[in-house]
Amino acid sequence: MLQSIVHVCLAGLSAGMFIWLVASGLTLIFGVLRVLNFAHGSFYMLGAYFCYTFLRFMGENFWLGLLVGPLCVCAAGFAMERFFLRYVYHLALPYQLLLTFAFVLLFDDLVKIFWGAGSIGSPAAPGLSGSISVLGRNFPVYSLFIIGVGPLIAVAMWVFLERTWLGCIIRAASSDREMASAIGVRVPALYTGVFMFGTWLGAIGGGLAVPYVGLLTPGMGETIIIDAFVVAVIGGMGSLKGAFLGALVIGLLSSFGTRFIPTFDMFLTFILMAVILVWRPQGLFGEST
Amino acid sequence: MILQVLQVNTFYGSSHILQDVSFSVNSGEVVSLLGRNGVGKTTTLRSIMGLTPPRSGSILFKNKEIIGKPPYEAAWAGLAYMPDDLRIFPDLTCEENLDIAAKLSRHTGYWNRERVEELFPVLRARRKQKGLNLSGGEKKMLSLGRALMANPELILLDEPSEGLAPLVVGSLIQVIQEIKEKNVTILLADQNLKFCRRVCNRGYIVEKGRIVLEETMEGIWSNEEVIKRYLVL
Amino acid sequence: MKKTKMSRRDFMKAGLLTTAAAALGPVAFKPTGLWAATPNLKGPIKVGYQAVLSGTLAGYGAFHNMGVILATEEINAAGGIAGVKLEVEFRDSTLAAPEAIKNARYFVDSWGADFLGGIDSSGQALALAPVMAELDRVLMVTHAATEKLTEEHVFKKGIKQVFRICTPTYQDSNAAAFVAKDLPVKTWSTISPKYEYGYTCWEMFKNTLTKFRSDVSFIADSWAPFGTTDFRAHINTILDAKPQGFYSTEWAGELISMVKQANQAGFFEKVKHVMFPVGAAMDVLEGCGPELPDNVWISGRYFFLYPDDRRNNDWVARFRKRWDHYPAYVSETAYSTFYAFKKAVEESGSKDTAKVIQALEGMTFESPAGKRVFRKEDHQAMYNVPWGLTVSNPKYPFKVMGKQIVIPAGECFNRPPFEGPGTKPPF
Amino acid sequence: MSLPLLEIQRLNKSFGRVVAAHDIDLIFEPGVLTSIIGPNGAGKSTLINLLSGSIHPDSGSIFFEGQDITRLPIHRRVKMGLCRSFQVVNVFPELTVFDNARIPLLALRKRAHGLFRPVGGEKDVHREVLEVLERVGLPAEAGTTASALSHGDKRLLEVGIALAAGPKLLFLDEPTAGMNPVERSKILENIRSLSREGKTTFVIVEHDMDIVFSLSERVIVLHHGVVIGDGTTEEIRNSPRVREVYLGEEVPS
Amino acid sequence: MVHRYLTYGLYGAMAAVLIGIGLFSGRFMLYMTMKVMILAIFAMGYNLLLGRTGLLSFGHAAFYAAGAYGLGLVSLHLSSHPLLGIFAGLAAAFVMALVIGFFCVRHTEIYFAMLTLAFGMMVFSLIWNLRSITGGDDGLVGIMRAPLDLGFFSIPLRKANHYYFFVLFFFLLSIFLIHRIRQSSFGLILAGIHENDRRIEFAGISLRNYRLAAFVISGVFAGLAGTLGTLLESNTAPFSAHWSYSAQPVLVSLIGGIHTFAGPMVGGLIFIVLREIIERFTHNWMLWFGIILLVIIMGFRGGVVGALSGFAKQKKTASTEI
């Protein structure tokens, strides 16, 4: 039983941290730009495909692929913000969502055109492909790696936002865009930068998914984006701390649910989301407005 | 002449707030815009900063046109702004609120955190506190300090004396004089005539979106008619 | 997958036709009447084919298309069907039922298709059946496996227009039970898709296996929703139950993910007897690569190394030459669909639906997968697909079937009238 | 003696450390045209928001015609006859002037629920809307889209919407802000005559002292959330405390 | 007044064209026109909420599905009378919209969107999992159109050209009802909510109740679309409750223009015809559809109908004329 519980926990942790990797960028973008980006799932997908391509070109070096791939996706993020999104910030919510939705359609088909419609089985990460025994049952090293990377990224983002100048400026701009501008922040450029950074985070999530899911398919971003939305909403829109805890909650809930409630379903996660929204619309850690 | 405002017209939606506002500020001066609330003082300052872009007119700062420029370009040119609602960044600590302004500024000079904290010792004590948790008076000092940190050539102060106890207003007067000595020009908007009289050289009286009078502070102070008509009841 | 200019011109033609039909007024009430009036086998034979081309399963559509194009090219190069050219239009079915219905109606009523083929999901197939009765065209189902289609719609409701060329759930569950009965396994478990296909197969597997052996029990089941990418929690559930055998109807990308994640968790060392009814799909074998362990039981709707005869081997060679790819099972079923139509049209001398149905019923024909017979009662193609154990083979960059067991379709497929004793295996 | 129209008891409200209303006690009698004044940040807007229901007080009670309305939602207060207008133009911009005034009247006459009855069929409402427009001096603009009105007319409409709700007590928040002198005198004349009609009691928040002193029968001065003056215009004009607040307190050197 | 007659003329012409299509065109044309009409009903109802109160719902597919399953279950198990089925579907949609709306309308903007998304997905997941009732992912199949039995005589609906007029009747009825709603006191209040929801409460109107009413009405129209769609396709599947299906009326409304009455209708037409045309040229329909969407958002903010703004504006003043 102990073995079981521990492994259910581990599986939940890795699932949660994996969602966090994707949700972090989504949350950051929402927090600063106030745009809920449907296309974030597409950046996840593009990240996976670019990483895979680079690792194939560069002698199966996963880490090099992970380094270069997301940077390419950043370029896509730049184009999307600079030439499209920028012009809809002042518009009503439906237009913003529709714009990002159009990019979902676009990216999905582009991936199909460039990489083919079929799924691609992807290789394991070198050095992390094995598994170690935890209480007599194997647990994949790579999942442990994800469990480690999640908090690492959280801490790195925390350090970046709390301890660096750029982070300070981002926090300033996200709470008061106008005053930030009045003390010399070039807000449009900052928005582009933040969007690219969020894109990069999403793409990193995709890159890390290459060995984690073991599979690339066009449209792979669509399942993860709903999870990421749920996490972002539960945690409090725009709150990174909330998204981190939200991801943990969702990961563990689904892991324990799958194991101990035979009929477990996403129904429960959506009930959780609805209850939290009704009770505390700003989410667990969102600022009340 | 460091700032020259010419024939500025500003609208909020359809309401015509500033109507052909013109005035100027000389280098090294402290100039005040006087008038009751709702007459357009804040809008004038916001128009200069580019936060509420005017529809027409001209604003020359150091003989360069800044009308139509985004606020950050005004800031880079050497303007700093203390809004009436202070607008402290709530997520940033006291220290960060100060440093960020210095970091973003394109000017260097006398003011640094040491000196600002010397000016407002309470900010030193609150250094690690988030902006959210400061009291009103502390926020005011922080907002003024933040404006100074950019080492601007011209500071726009909106209602600096508002909500301060008389004793604090007294020290504010000293602070402004100290700032003035460091060759910073100040344009302020205030209702408190007694305060303005102590710190300003000249004043413009604003009424219903227009400049109705330009006069030295002493001139205004001694003109009971003007005071009655535009400033008090 | 770019379409030729041909289809664009056809589109305009079709548009003109529709306009003309509209102008003709009452005549257009029954477009079938237009065809009925014309002598048989005039003009091209048109086949409308649809499969999923978007979303995570888009690869299956691409595999369908390879078979479709190869068959079309070969048939037309050889003079067409009864001397008439074969024309195909391929559409994205998106896995949604309304889309499948729209496509079918477009094919028949706008484009003028004589036959329809394709369909991946059971829901789409079931939704289309009544529509086919209305449209009165033969639909050859090439991938959807639900037994309800043939048992209920064709057999009970008498929708004669629907045929199925691929193996149904019988192969995935009944045949699996035939294999499982001889394994030293007393406790079985499953991770299967959380939808009808998964539920049905597991039920059928349990029922059939229980008839063979009274000493087996089914101790754990975990259901993965459509689109699951993380199976670690499900794998834990199974490992906790410590079963001897594992049966999973996960398929396509989800099976690949599951195998890889199970492998990492050391699953295959703990559970020695594993059965993947759709594991012999090319995308799965290639996607898993060396991570698919040896000695796992796999099957499919067709496997390119069976039957090991000239017809099949030649076809695989031709297919590889054309596409630089091994044929997936949907490529084979798609390909054979056209030869089934060809034979039926040539035998009946007509493309008239009623006559073609008559020809297809009970028809025997040779295909890469071997001899197929369309059972008269339920229009299910009877042919054999092996179950086999995975093995590495230096000739292939993926695992293939080593030891193979063939359970003849006649022995493991449910039999009409599908209810009552003696209709379900073992007979 | 009937109950006072509105009675406020020990009303408190603070935002964080800022006290916007501190133990305010006030009574408004019917028919007395009152002005509320005070320098920036005095708590005038907060007071109006508290009374009209946009925000709820931390403590204290509000009674309207003897009934406790402290926690009542906005629309219920409006139905009871407590209404307000806004400092910034806050009309329904893309609707016609007529429809702008029609909305509150439909609610007042309980005709707002009709799902399929054409709104044009409500003849008596129709007539009353015209009356309201007449009263605020906009009858000629009935068919104009509100956004196309001049600023002054928008302000008139603003008051018109508030009047159309049939209030017994109406708070006007800077009714003349941004108006030119002609428009200003027009609206003041309106307010004066409407007040004389006696159907509605007006309470005006205003900066323009000309208006305050020419119009009001009673003036209330707020400063830092505290009532520092309450009396006739003469009393207020001569109050040293009020003058001090407006000119700034004596500053020690 | 001239514009009003012009508008009536346009609608008259549309009705004539639709009747013409019903009488003279082929089966596919009939089918596609029915699809357009059903989607237009869905979108017009939806736009009462989005266009009139500014609330963006991502859960309206749930009401579509409620209509669809309500009709499906009644016609499979109780009576195949189409009107009974439609009534059951509408009732199901009404109840569901009332319950979900009760929780949702207290929020706005992104919170409202996310809350409706959550409720919609709960319904989706219920339909998916209550296999014994809903048929799981296979859905309800074989829902055949029984004749419309009116007691004294009965009208067959089996054939497309018969059913077409049944759909057309409900389409025109919906246009009429929605037009009446927009012209009614209630409609004026909704317009007020859209223009200025802060002010509406100061007019003595309970914002929440009116939002809820708009939510329920739009939900009922979604349910109507669901029942008609189910009869058209003869089946219904859980994906009709999926959030991506909820995106459809949003897309359609935005394409056509959310601030106009005709917008959703035109949007529905464009949505279906465009998709069909693109599919005839390329398998990469998502790419082209995405590009066209981008063009519409970046270039035609008010939607296609709104883009004819001068005309639309004249029409607007005409339609809200006193």
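Each chain gets a letter, A, B, C, D and E, in the order it is written, and its residues are counted from 1.
Please note the rule applied: a residue touches a chain if its C-beta (ideal position, glycine included) is under 8 Å from a C-beta of that chain, and two chains touch if they have at least 3 such contacts.
Note that the structure is a prediction, hence the values are computed from the model and not measured.
Note on connectivity: the fewest chain-to-chain touch steps from chain A to chain C number 1.
Chains that count as touching both chain B and chain E, per the definition above, are A, D.
With respect to chain D, maximal separation of chain centres occurs for C (centres as means of Cα atoms). Put simply, the chain farthest from chain E by mean CA position is B. Averaged C-alpha coordinates put the centre of chain A at 34 Å from the centre of chain E. Each chain gets a centre from the mean of its Cα atoms; for chain C and chain D, those two points are 74 Å apart. The mean-CA centres of chain A and chain D are about 50 angstrom from one another, to the nearest whole unit.
Taken residue by residue, chain C touches two or more other chains at 1, 53-54, 194, whereas all remaining positions touch fewer. With touch defined as above, residues shared between interfaces to two or more other chains in chain E number as follows: 128, 285-286. The list of touching chain pairs reads A-B, A-C, A-E, B-D, C-E, D-E. Those residues of chain A whose C-beta lies close enough to touch chain C in the complex are 4, 7-8, 11-12, 14-15, 18, 108-109, 112, 116-121, 124, 129, 131, 137-140, 142-143, 209, 212-215, 217-220, 222-224, 254-255, 258-259, 262, 265-266.
Interface residues of chain A facing chain E in the complex, by the touch rule stated above, are 36, 84, 87-88, 91-95, 97-99, 101-106, 108-110, 112-113, 226, 229-230, 233, 237, 263, 265-267, 270-271, 273-274, 277-278, 281. Those residues of chain B lying in contact with chain D across their complex are 12-17, 36-39, 84, 135-136, 159, 161-163, 166-167, 169-170, 173, 191-196, 198, 209, 227, 231-233. Residues of chain E touching chain A in their complex: 50, 54, 56, 103, 106-107, 109-111, 113-115, 117-119, 121-122, 125-126, 128-129, 243, 247, 250-251, 253-254, 258, 284-287, 289-291, 293-294, 297-298, 301. Partner chain A is touched in their complex by these residues of chain C: 1, 53-59, 61-63, 194, 221-223, 225, 227, 229-230, 232-237, 239-240, 252-253, 256-257, 260-261, 264-266, 269, 283, 286-289, 291.
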